[in-house]
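I've put the structures underneath this note.
The following pair of complexes shares a single chain, chain A, combined with chain B in the former and chain C in the latter.
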Partner chain A sequence: MSQPKIQKILIVNQSAPYSSGSAKESLDLALAAGTFEQDVSILFTGDACYQLLTAQDPKEVDSKNLNQMLKVLPIYGVEKLFIDEQSLLDRNIKHIDSDLRITKISASETRELYQNASTVFRF
Partner chain B sequence: MVFSILVLGAPFNSQSAYSAFRFVKAALESEHTIYRVFFYQDGIHNSSAIATPPQDEFDLYQGWQNLQTQHSLDFVTCIAAAARRGLLNESEAKRHNKDNSNMAKEFDLSGLGQLVEATALSDQVITFGQ
Partner chain C sequence: MILHTLNKAQSHTDLNQQLTNTCSNQDSVLLIEDGVYQLLDPTIFSRTDHWSFSAKNIFALTNDATARGINQADLEHSIVNISFISYLEFVELAASHTKTISWY
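Our next item is the complex of A and B:
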């Protein structure tokens, strides 16, 4: 495969961690895009906030810990992680995993993120 | 314009797969180019060789297969998404020691890199969601 030119890819993640495969499959796409050295941003919004909680014990539902899996993103060159602040407020979530180095952003900054992206994928 | 299409919905379960099919047809009729159609998440079910809708209903599976043959389109089904949902071509069935394969020959199994490449080489990527 030829080396593709660098695209600004925005992956919008709006799914809860274990209720569907979407959280895992959006992470897989982010890792693939990182492998091909694309300029990847991930926006967590809506129920995707729950992916960022530290106290997860998904062994109870025979799943792998998604929060831990998100921590490999920087190894793949994916370091631009954002969370929609309003989504956290709506769910009364006060603490998200600080290891992930996620930037909280406002609605207007979210709009900017969309505007600057060349391609948006929503999960 | 050069389009690539991402299909995330299964036939019958959601309208998105049918909408994607109509979009691809319309784009080709308007002399646009379809660089690749990538099937991911539940969209992988579009590449089933054995799905059999009732005879008085539109057969979207056959529709995709005919479209690929007529226009020599590049249809790629995500190999990981397909394996975990029970869709294998002959070589994958052998590799996983399964007795049967069930994927239409018009589709190639490959990785997400093919979607990333399509994104870079197309003017627009249109997603048809779950």
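Our next item is the complex of A and C:
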């Protein structure tokens, strides 16, 4: 059996963490793709910036802490995390969780991410 | 005297505009769920085209704010008159207003 081609997968997150299942589902896909040794990048844009706030305590709304779950991504080989800097500025978000090692990128770099991916999933 | 509940961030511009068009200076707005994210950006609370300009009282549900990493102490002081409330106080607010409108 031939070795399957490695896909460059771009997962685009644009949803706030707890009001819908999108953020959790995107994480599930990232972990699955990482497990199968695919080349995974995750981009946070729009309201997904809110996923990166520190000191979230979602047991108040009976959810798991997605911010903590994002920290396991490197263990699954998912290390390319990006955030659209303009989205942060638009929302006056000054502090994101520094444990996450996310790279801030410009609109043109964002466009490049989309162009270079072989598959794009939006959540 | 209406209690408006709003559960979306400011990125939902149409929804926020509809609330702005509806809210009178007798009404209260309660931020719930993703609505609490609006507190991170004090600049929108000084805009005349934002619902906060006409609302008499602005409340935020403490549980939803805490869940999302928003703490009263961290907020910039330029937002005046925001009261953080419990679920029980939410019930009291609903009872003390003539009606409740959900913006979602």
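Everything that follows uses one rule, which is that the second predicted complex is superposed on the first by the 119 of 123 C-alpha atoms of A that agree within 3 Å, B and C clash if a C-alpha of one lies under 4 Å from a C-alpha of the other, contacts with A are read in each partner's own complex, and residues count from 1 in each chain.
In the analysis below, a contact is a pair of C-beta atoms (placed from the backbone, for glycine too) under 8 Å apart; a residue touches a chain by one contact, two chains touch by 3 or more.
Please read all numbers here as calculations on a predicted model, not as lab measurements.
Asker: One more residue to check, A:P74. First (chain B), second (chain C), both or neither?
Answerer: After superposing on A, A:P74 lies clear of both chain B and chain C.
Asker: With both complexes superposed on chain A, which partner does A:D47 reach: first (chain B), second (chain C), both or neither?
Answerer: In the superposition, A:D47 contacts chain C only.
Asker: With the two complexes superposed on chain A, say which partner A:R122 touches: chain B (first), chain C (second), both, or neither.
Answerer: In the superposition, A:R122 contacts chain B only.
Asker: Show me the residue ranges of chain A that touch chain B in the complex, using the header's touch definition.
Answerer: 1-2, 4-7, 9, 21-22, 25, 28-29, 32-33, 35-36, 38, 118-119, 121-123
Asker: Note which residues of chain B are touching chain A in the complex, please.
Answerer: Those in contact with chain A are residues 6, 40-41, 80-81, 84, 111-117, 119-121, 125, 127, 129-130.
Asker: Spell out the residues on chain C that touch chain A in their complex, using ranges where they run on.
Answerer: Touching chain A from chain C are residues 7, 9-11, 33-34, 37, 40-43, 63-64, 66-71.
Asker: Spell out the part of chain A that touches chain C in their complex, as residue ranges.
Answerer: Within the complex, chain A touches chain C at residues 16-19, 46-47, 50, 53-61, 63, 67, 90-93.
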